[in-house]
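These notes are about the structure you will find just below.
For reference, chains read A, B, C and D in written order, and residue numbers begin at 1 within each chain.
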Amino acid sequence: MAFRKIINDPVYGYITIDNALIFQIISHPYYQRLRRIKQMALAHLVYPGAVHTRLHHSLGAYHLMSQALTELKGKGVELSADEETAAKIAILLHDIGHGPFSHALEHVLIENMHHEELSLLLMNRLNLEFKGALNTAIEIFTDTYPKKFLHQLVSGQLDVDRMDYLTRDSFFTGVSEGVVGYDRLIKMLTVHKGELMVEEKAIYSIEKFLVARRLMYWQVYLHKTVLSAEMMLVKLLERVKELGVRGDMDMAADDPLNMFLLGKTAGDMEKDLDLFTQLDDTDVVANIKKWSRHEDRILRLLSEALQNRRLFKLRLQAMPIDQEEVEGRREKAMLATGVSAEDAKYLVFTGEAVNSLYNPNDEGIHILFKDGTVRNISSVDNALIHQNLSRPVKKFYICYLGA
Amino acid sequence: MAFRKIINDPVYGYITIDNALIFQIISHPYYQRLRRIKQMALAHLVYPGAVHTRLHHSLGAYHLMSQALTELKGKGVELSADEETAAKIAILLHDIGHGPFSHALEHVLIENMHHEELSLLLMNRLNLEFKGALNTAIEIFTDTYPKKFLHQLVSGQLDVDRMDYLTRDSFFTGVSEGVVGYDRLIKMLTVHKGELMVEEKAIYSIEKFLVARRLMYWQVYLHKTVLSAEMMLVKLLERVKELGVRGDMDMAADDPLNMFLLGKTAGDMEKDLDLFTQLDDTDVVANIKKWSRHEDRILRLLSEALQNRRLFKLRLQAMPIDQEEVEGRREKAMLATGVSAEDAKYLVFTGEAVNSLYNPNDEGIHILFKDGTVRNISSVDNALIHQNLSRPVKKFYICYLGA
Amino acid sequence: MAFRKIINDPVYGYITIDNALIFQIISHPYYQRLRRIKQMALAHLVYPGAVHTRLHHSLGAYHLMSQALTELKGKGVELSADEETAAKIAILLHDIGHGPFSHALEHVLIENMHHEELSLLLMNRLNLEFKGALNTAIEIFTDTYPKKFLHQLVSGQLDVDRMDYLTRDSFFTGVSEGVVGYDRLIKMLTVHKGELMVEEKAIYSIEKFLVARRLMYWQVYLHKTVLSAEMMLVKLLERVKELGVRGDMDMAADDPLNMFLLGKTAGDMEKDLDLFTQLDDTDVVANIKKWSRHEDRILRLLSEALQNRRLFKLRLQAMPIDQEEVEGRREKAMLATGVSAEDAKYLVFTGEAVNSLYNPNDEGIHILFKDGTVRNISSVDNALIHQNLSRPVKKFYICYLGA
Amino acid sequence: MAFRKIINDPVYGYITIDNALIFQIISHPYYQRLRRIKQMALAHLVYPGAVHTRLHHSLGAYHLMSQALTELKGKGVELSADEETAAKIAILLHDIGHGPFSHALEHVLIENMHHEELSLLLMNRLNLEFKGALNTAIEIFTDTYPKKFLHQLVSGQLDVDRMDYLTRDSFFTGVSEGVVGYDRLIKMLTVHKGELMVEEKAIYSIEKFLVARRLMYWQVYLHKTVLSAEMMLVKLLERVKELGVRGDMDMAADDPLNMFLLGKTAGDMEKDLDLFTQLDDTDVVANIKKWSRHEDRILRLLSEALQNRRLFKLRLQAMPIDQEEVEGRREKAMLATGVSAEDAKYLVFTGEAVNSLYNPNDEGIHILFKDGTVRNISSVDNALIHQNLSRPVKKFYICYLGA
């Protein structure tokens, strides 16, 4: 009998694994590690249901890839069984390079490397282990495979990655307005001259998709309390690094998180890869509990605040933050806590939040009309996604220890 | 023990009736008639689940009104028990004046009267029967009650009527993208200087609401096949009228539908009201079955087509339909069916479909900011609902007997 | 490009039709007639959402058949493309023989024929029209096809018919407790020695399925108010027949419903089949409106009551109804309405409601254990579905004009 | 304006907090700790969505308590505002005494104390801090408050605790068959002579509730793979204790988990309470990562297996496990791993899993009939919950390192 496993998923019902290689990859410790990385970092501090994991998201994206490929084949797009498996593996592993708290800590732990580069390093490692079985998957992932639409399904304006994360994040947060109608979008996918596009009658669904995404960004991902928590976490780790430089951190030498924070690794990611795969959210959370008893006041304060959800206030606004306000709030923080002016920067700080709804210049969303013409979503009649909206929206924030 | 009935609703779970007067109104034959009028006319020919009724929609809107009032009271808005009951009655009866196939046949059966005027006539009739118990409800309905926000909940940019119909129509059609997040919108409602508005943090939900509505219009309400069926129904009834004028309709004299179509009523709606309350969808459907055996070729053709879902083709476009195309298609229809040039107008015809997303000039949606200022949704930062979109969108269609 | 239509379904998302013959059958007037027959007869008088149609249910069952066949093929069961199509056609047409108000009026309109026999007559008629393309479908439907499990999927303890109606009726009534987990059941289906059975790990799902069915029967299908309405409808049509025999019904001679009720048809179903296919719910509803103005007091009373939902009271109990109570209530009804003792039988009457949860003697549900043994669900360890419960449950009712 | 916070919940939509004291309790570190304790321990290894927390469950149970109290008041049950708040606090804190991995590790970390006793200790501690504001809540929790039904809502056959956990666990695992219809159950609650019971028409819902619970136990909570993982975790911690006794564990002295495992606490829970409130799931997970590099082979093997989801096989059966099988499997494990006969007990072991569906002797579920009589659910006509089923079901299992 054919290989066949089913996994319950509250979002899609059942996810079917019907390929032994895919099951082996899922069973690999690299992939299992994603169980210990939350998909939405600290968003659960505002949306208590949002504790789902990168593993769950990857499985979901894999499921949507399976559906999308079935749909395209039903429409006459030619695909071999190997290409199907490869596309599924590519999406399954697209996030394998994420570290603790994913985006929230990206570039804090591993300074000069994007998580997608890490994903590729790990895919190469797995490819060695699986004796080249991931060759095509890696070509698709790196967009060197001739059937370009396969890469676009993994990473593009209409990829199954964002279809899943918007759907799943909306589901687990309970923000039902984020629902994107992934099933209709998938039914509307088509391939024209090797490129992924959507049928004409999907126009309103695409608009809905982009608007739901805009809503999820401002209401959830960049929610002021979520942003506050995530920026506090960044500040906390920066403090650890600073104390480390000063020699004021006395930490277990074999703790992988410490090694990365204190610069005790080889400094070459190829060599540090094993160490990296030992990291996950629990290292950060467990250390925060310890640091909440540390002698450094700033470290203790930030750790206790995160541990017990006593978060800094944060205000978003269209204009840059007035420097006077920053100074004033820092003075208050100094008075309240007795820290130095230098250290007050950990308690009062500013930054920018940017969200680009849709950039038509950057590889856009293409509509295939019944008469065979192809147009960009932003240039159809009565387009909702007009010039103004396709520019990125930038907001400025100040985050500060409250009264 | 207090009066208490619960009704299962697949959309909201349970609807509670905890007032004896409201239960009496629901039990009245005028209200029960709404069971026999489909909410979405002929949309079920495309979306087979869309067979829900005006009665169900009214109950749903009543439920949302109950929730909205509870929410507003929780925020300190003053409301007496009588005002609450009145607002609930007003929404319960807002659609009582709809005739067969609601909007699709509005102005075809009852030529010079809008369904809201008919609703008012029927509310007055009920008020007599219930000895003035509907006085306040009628004031709210006609916007003569001092607390203006109560009328705005019944009829306005953010009324519970459209919250329910968008939610319910989306639910029963299975067009999940039409979901509007009514629960969050209701949580965000507030009253400022007697007017209904929403809190600042609802901005993205409002945008989502307007975009979902836009999608429902073009994808569902004005779906080309739905539009075709509904316009064919209009043509069919026009044909009946024409044959009646010619004396070619031999119909039962006591059939209420016939009486309205053939102008055999008193011609004064006050007097015709009893007759009107005997009309519902089944009169039309049952007569169509008879007409499909009628000797008039046009009447038979339209009736059979509607009965068996063999619908005319319909094309929507941005530009007016070329008259040459119309003539060409009429000639083809004449050849195919043997009807006269005059009669071919029933088989090939044109029209316009209009949808206004949001009109900021007409009483807009107001946002109450935390600092107490009030702004229109179309003038906030990075507004999605820009100038361009707030103009009504008009499309032109041609509907014709296919090859 | 391959044939491909998708239909929105609120229950399953999308239903795909990818076969031209199946689309032709769906487009046939015989099938389109099912749009005008409600799946749950008068249950909508209690559950206002329950207005879905036989057409919708048949499409849903077709969808589940497609899923079940895909699942079985995935498990190595051999099936040709023709067999697949045939099984799908068989389920699509399984209810084509239902008349107005389906079960509620079965044997009232067409006295000596079960709806399945009518379905077969109509399938044969379609088979002629489609030049034998339905041969295999008819063999599956009549259980004469060698692969017995195909018939069991159409009609058996685990058929997709009841999976769909329980799921769909639960969905549209809003009785969420009736949810049966059809997706898991389908994933657990298997074929052993040509017979349909379920895998061992489905035991609890099967129990849940049977208990949900029990709940749906007593809470929905046999709800006392639903039962009252449906029995009143039966009495009403019996009255029409009686008046017809007496010559007191003056009805349009060409009205198909009248012809069946007054015995004016050929009396041979083969010959009456065309007439039968003109019947649907609207004939009954439209006539009830007319009969509510009829001179016969009983007919008028029952018609008005049904039209305006002023239903008789009904009480279910474990013991037969005491004849004294019946007599007492009839006397009251005579006093209240002035009808004769003979006619009071239309206003006060008794009956039985029977529901069999699961009958293990009658072709049971078989479990295929991992070790290859097969056992009946009622004989596994700690069986919930024990001896006692597998007996049919009979309840007695009295239905009467209330005070 | 009144105090008012809303929290998004994917299960119920929105949870409203409208009381400042309740918000303070939720904000307390004791309560926030529940964010770091998974509701379903290791069930997420089988059901990847099941990563929701004790905090989320407690909030959900609080929400259902609010609904239940509103319903009861609507039915005329007298309740003061203080009693309402107290009942809500009692349910909010009912699980506050859970330690890491809740039930899975109960009695392993804290040997002689049930989590409910710990909850009470912590509630007393909070009561001191809040200056007696929790007095009534504690009386309700300990069943010393005169209105007994309030305690029954917190802990009893129909408490909101199990209504929430069955609903929530079903939701997050995606096992839709576990849905219990909490909303209908709550609508059916009533109070008779001070005791909580349900109305007659809830009988089928109650049956459904008990059967859904039975399904959740065998299909989810006692799923063989979940049971395997949780028993492996128990064995792992037992190994740590054993190594500790032997002096072979060299662990950080200030690690709270180590202190409990190695018996370095005061040994008096009143005194150890602060230490206890520092424990959560992350301590266990972070330590497992360290132990997977420990020199002890057994500890390393169990840690690696849990970390990478390479779980032991487990078989459940009706009869006790044959001792010969145990011996045989131990010998194999010794050969495969080179451990001693003594240590092989960590790799091959047996146990019992027990689930009691419903015990009618133990305070049962009472039905209040319309005629005022009260009967136990197991003694109504055609009871599904018969004698046989109300006995606890015991299964035996063997868990072993696979080939």
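Note that a contact is a pair of C-beta atoms (placed from the backbone, for glycine too) under 8 Å apart; a residue touches a chain by one contact, two chains touch by 3 or more.
Note that the structure is predicted; figures quoted are calculated from it, not measured.
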Most widely separated chain from chain D, with each centre as the mean of CA atoms: B
Between C-D and A-C, the pair with more C-beta contacts: C-D
Computed distance of Cα centres, chain D from chain A, in Å: 32
Length of the line joining the C-alpha centres of chain A and chain C, rounded to whole Å: 49
Chain centre separation (chain C, chain D; CA means) in Å: 43
Shared interface positions of chain B, touching two or more other chains: 13-14, 176, 183-184
Partner chain D, residues of chain A touching it in the complex: 7-11, 13-14, 27, 29, 32, 35-36, 44-45, 47-49, 51-53, 55-56, 59, 171-176, 252, 254, 278, 282-283, 285-286, 289, 293, 307-310
Chain A residues touching chain B - in the complex, by the definition given at the top: 176-177, 179-181, 183-184, 201, 204-205, 207-208, 211-212, 214-215, 218-219, 318, 381-382, 384, 386, 388-389, 393
Chain A-facing residues of chain C, complex: 1-2, 4, 6, 13-14, 18, 74-76, 183-184, 187
